[in-house]
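Both of the next two complexes hold chain A, though its partner changes from chain B to chain C.
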Partner chain A sequence: MGGDHAPEQIVQGAAEASLSLPGAEIVLVGDAVELGKILPRLRHDGARVRVHHASQVVEMDEKPAEALAAKPDASITVAAGLVAAGEGDALVSAGNTGASVLAVARSWQLIPGVRRAALASVYPTELRRGDKDDPFSLILDVGATIDATAEDLVTFAIMGSAYAKLISKNRRPRVALLSNGTEAGKGPAAVVRAHELLLEATELNFIGNVEGLDIPRGVADVVVCSGFVGNVVLKMLEGVSETILRMARYAHKQNLAWRLGLAALRPALDQLKSVTDWEQYGGAPLLGLDHLFIKAHGRSSARAITNAIKVASKAQAGDLCGSIGRGMRELAERTGRAGVRAPGDEAGVVT
Partner chain B sequence: MGGPKHVFRWDLDKTYLRTEFDSFRDLVKSAIETAADKQAYPGATSLLRALGASDEHRICIVSGSPSQMRSVLAAKLALDGVRYDEFVLKNNLRNIARGRFRALRAQIPYKLPALLESRAGSPPAPHETLFGDDAEADAIIYCLYADLLTGRVPIGDLERILGAARAYPDEIARTLDAARRAAKGPVVGRIVIHLDRRSPTMPFRRYGSRLVPVFNYFQAALVLYADGVLSARQVLFVALEMIDSRQFDLSTLATSMQDLVRRGRLDREIALRLAEEAGEAAASGALAERDDLPPFETISTRFRERLRQLGAAGPLGWTNEDEALDYVALVDEEHHGRKVRRRGR
Partner chain C sequence: MGGDHAPEQIVQGAAEASLSLPGAEIVLVGDAVELGKILPRLRHDGARVRVHHASQVVEMDEKPAEALAAKPDASITVAAGLVAAGEGDALVSAGNTGASVLAVARSWQLIPGVRRAALASVYPTELRRGDKDDPFSLILDVGATIDATAEDLVTFAIMGSAYAKLISKNRRPRVALLSNGTEAGKGPAAVVRAHELLLEATELNFIGNVEGLDIPRGVADVVVCSGFVGNVVLKMLEGVSETILRMARYAHKQNLAWRLGLAALRPALDQLKSVTDWEQYGGAPLLGLDHLFIKAHGRSSARAITNAIKVASKAQAGDLCGSIGRGMRELAERTGRAGVRAPGDEAGVVT
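Then we have the complex of A and B:
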């Protein structure tokens, strides 16, 4: 069981989920002795939280492929295997991202028609969307597939749209391609071709290309890009947010007037903080495989884990993977294209 | 005819019956519900029926519900086919008439003398098993009752404990008298606390291994099977009632068993023996006409698998078995906790 605050916060999050999700059963995979010491200290439902022993764990700073090879009983490998064997429906992990994605990619099957899986991330925006008034838009891929073809980008659009429909209760999510201009001809060849293909995809609400500055504005509900671009964008957005916070702290220290000004803005800042609170979304879903994997942030607290489990449960109840599968079948029927997993394909992960 | 060999003392609300009384609205609802409206926890009815099936067993119910509810509660028990030998309820009208408002909510000054008087007033049994919940002070009351009977808590200390529990002087006198009259001995072998609030189990460890907090009645049945009180067939019927409630399935029952083993409340060997014996019981007809369930071999395999998933991890050990309980501190803590909960509502 990985994560910066594992196992305590992970177990606490699972314990809370066992109380708030009456239909769900949660399997904690990790050191049974450690887990057995933590659970009795927490409110939980003992009929809905079970322990599955795994003697090894991939540390956060280990190289994914090497670590998985050296640790056959790593909790992420065991957990992915349990889901593959039908002992679970979805997997949540706050551990090493690369190792997690690699483990599930090796144990699970791609949905027919999907050539590459995509890791999606949510980002707070100005606009709200869906029945839930959701402030988050979805960006995918943010690191599972470094080089994406035009067909991969179309697949990501289908997967992102299905996810937004289910989780944000957004009946017709606006899907856009991330490029260096809004014009159809802008961007690398794969993006230009994807634009053409997406225009034909009438089942999607494709609004065209968006630029980086449109992401925080919330122009699109689902932003599609390659894993390389998505990862750079996501980390830059995170960096900007952190820098603004640091600058506010700096201003706070500088003089009394600024301090008073920030104090006056406190309620608004608190509201902004709650709106942009990533923990309420739990984590980043890996889409395209026959089961759902939610990659929770390494720093996840119990609350983030509870919410990640809730999202996983909701996605399972709403048959997210089935929904993506139907989308891929429709695409295949329309284009006569049936995606196949390329020999030797494995998720290339940016960490 | 000899006396009973085993007495089972049950609380009702939140132990047998799913009752909400956290708000005034809940109290009103509970008071006007008909017998048919009242819901028992899944498995509790089969368990109580199984315990009441033997002539050597005596079922005593001591509940904090007002005595005005006797007819509806008795009707509910009759509807469920549960027999009982004694049924004690709280006379709250008398408390109101005498202006004793503290007594309306008090648990220890009401329940402890009721338990002691029950034992003093009937042929003493060599074994007792007590059932309560985590909503009030059942764990303290039952342990205190058990320790008074063994002499671990001298009667001289009882007055101080009852004082901490804010008992009225006549309640103290009544309890002391009942404690002197009750037949003594190490009779309370098991205390089962139903975790209605889903309280953490760790704090209950201070009461020792005789007290087992359970999340559901399958766990209670497993504990009683280990104690030699229930047969595998009877455990199977508790499980079937829970499955029929649709709130549990084979997986959650297997997880419940794993939870008990992990907490050191059930030996792996006993769990495995139960799987074998239950298989024999199923083969002899207990699961006849249950084609909604997989073959028993599959069920048994799932239960064994759930134990195997724990690896070689041993259960939590007991370190404080011989430590005497400080009941005054426990009563103070419970009183404080109740005040905090009231403020939080």
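Then we have the complex of A and C:
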């Protein structure tokens, strides 16, 4: 029910997935009357897509915690509960990001050793990687864990590496730590300490610190940072087109050749904006919980939803959560520490 | 002696300032033989520019702490000492940023109530501000204090506001807090707490949180953040031209019209890179110490050095450090707290 083009495009994406993904069984959670009007009109495999009723919907602009409290039968809450109860393996939503992350964080369990979940985004780079020639690097966290400790950052490195191995078929993903300089001593205390811990993590391919500009350069396959810095940097990368137009207007108000050049480039820059819009690539995975949640873009078309379902299906088939669990166990065995979940903690909220 | 075009361009900038700034007296600190060969060749006011010998120089690529330890007679150390001893009011350098910040932080005193110094950078915006129609906003900290507390961020707001009032003649500068969203609750704990404290600071014109993209939009006159985030964001803003070229190449390798458009814009983007290069605008002030240090860009020409000397002279004439001290006293009186300097702290280092 969530997303700018819901429920039509969501149902259509699910209908297509029921035909193209022979292994998948899809449960559409939402208003049964409304969904029941759309689904029969579409080509689909009736044996592998069905509707589960939920009477309420969290709107895109609602405050997450308040919306979930006010709407106990919200489709996202019901869907998260179905997965928690074993009625589903993974969840895809194009709805309110904060509410959906909060709903799954409350309903699902953290993988043992993981203290906080991370939302990962993909960012397009010139460089291709892995057996799939994947042109994306992964950045995590981008908003689920605003204040990340050194141990959280190491966990994010393990989770991002496992995801890149499985989804990009990248056998040895290069993992980097986002900082304000490439030297080991650069950054806040948590980043400096994480650098030391990652140097000891020989099971990872840690290449050191990178800066924000190294992300579009494709220097790393997995870029690790706190949710605060990740969210700030990602929004700036998404806004490069706007920034350059502003700078250019500042710099050359008087220069005709420049003005003409900018006018010519304007449509290209507008188009570029959509290219750098991370969420359109099959969605952003939330990593660290015992099931996979894929947050599809609010503007998702049917095709984007089908892609997100494909990624979820691939992650499930490859046992992503199991891989992350093994990575955390290896870490605990190597360091002699078990990951500690702070009492009363709950996964952060992106809005 | 510091900077890519030192000492020639530095001496020339000082010589010009001796003619154009009747109130200023300039001491050039460095190799007396070398400087003594350059100065006599240039038009200057001999009564107001003189040379003070220092036998050593910190090179641009040296590690700050190690270089200062190995070179006790480095020009930056000698110059900082002269100011500390009352032989100068302010200091300008185009040399190694980390070494110069460290040298003045060790030699000068923090203004009472200030726990950590902040390096402020100016960033060009379309919007003009103040009686001077200043097209720059001020961002601080951009690298002196990597881990900033909520109290540090409030101090930066007071210091940045005092600077904008004096240098941009902006009577009521709009002060904003950089976060990952505009809502009050957004950001790490230190940012959320700083937001609350700034709402109480009615002596400031606090407009709330802004995001990274709001900086080129000119939404605020003074943007406050930790040195870590400020440094990351600033470098990304400086790199927009490169980022857009990479994204465009990623997006449209096959599209001829795009390739032609990019080829046409390439020189403009290259030029833009220098426009967005913050340090070229008369330099970045280091705020919070009992004297003003202006860090001029390493690539500074004579003109940039003259500009930096003018800004230093203006700040001195307007008693910038006194204004900051009054702001800190007002804060202490209002909150009933005196600023606390953590024992053993010293200003951070940018490299």
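Heads up, the rule we're going with is that the second predicted complex is superposed on the first by the 310 of 351 C-alpha atoms of A that agree within 3 Å, B and C clash if a C-alpha of one lies under 4 Å from a C-alpha of the other, contacts with A are read in each partner's own complex, and residues count from 1 in each chain.
We adopt the following convention: a residue touches a chain if its C-beta (ideal position, glycine included) is under 8 Å from a C-beta of that chain, and two chains touch if they have at least 3 such contacts.
Keep in mind that what you see is a predicted model, and the values were worked out from it rather than measured.
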Which of chain B and chain C A:Gly212 touches, first, second, both or neither: second
Which superposed partner A:Ala332 touches (first chain B, second chain C, both, neither): neither
First (chain B), second (chain C), both or neither touched by A:Gly181: second
Partner, of chain C and chain B, that touches more residues belonging to chain A: C
Partner chain in contact with A:Ala32 - chain B first, chain C second, else both or neither: first
First, second, both or neither for A:Ala47, with chain B first and chain C second: first
Common interface residues of chain A - those touching chain B in one complex and chain C in the other: none
Contact footprint of chain A on chain B as seen in their complex: 195, 197-202, 205, 215-216, 218-219, 248, 251-256, 258-260, 262-263, 306, 309-316
Chain C - residues contacting chain A, complex: 124-126, 135, 143, 146-147, 178-181, 183, 187-189, 191, 211-213, 216-217, 226-229, 231-233, 235-237, 239-244, 246-252, 258, 261-262, 264-265, 268-269, 271-272, 275-276, 351
Chain A residues touching chain B - in the complex, by the definition given at the top: 19, 25, 31-33, 36-37, 39-53, 55
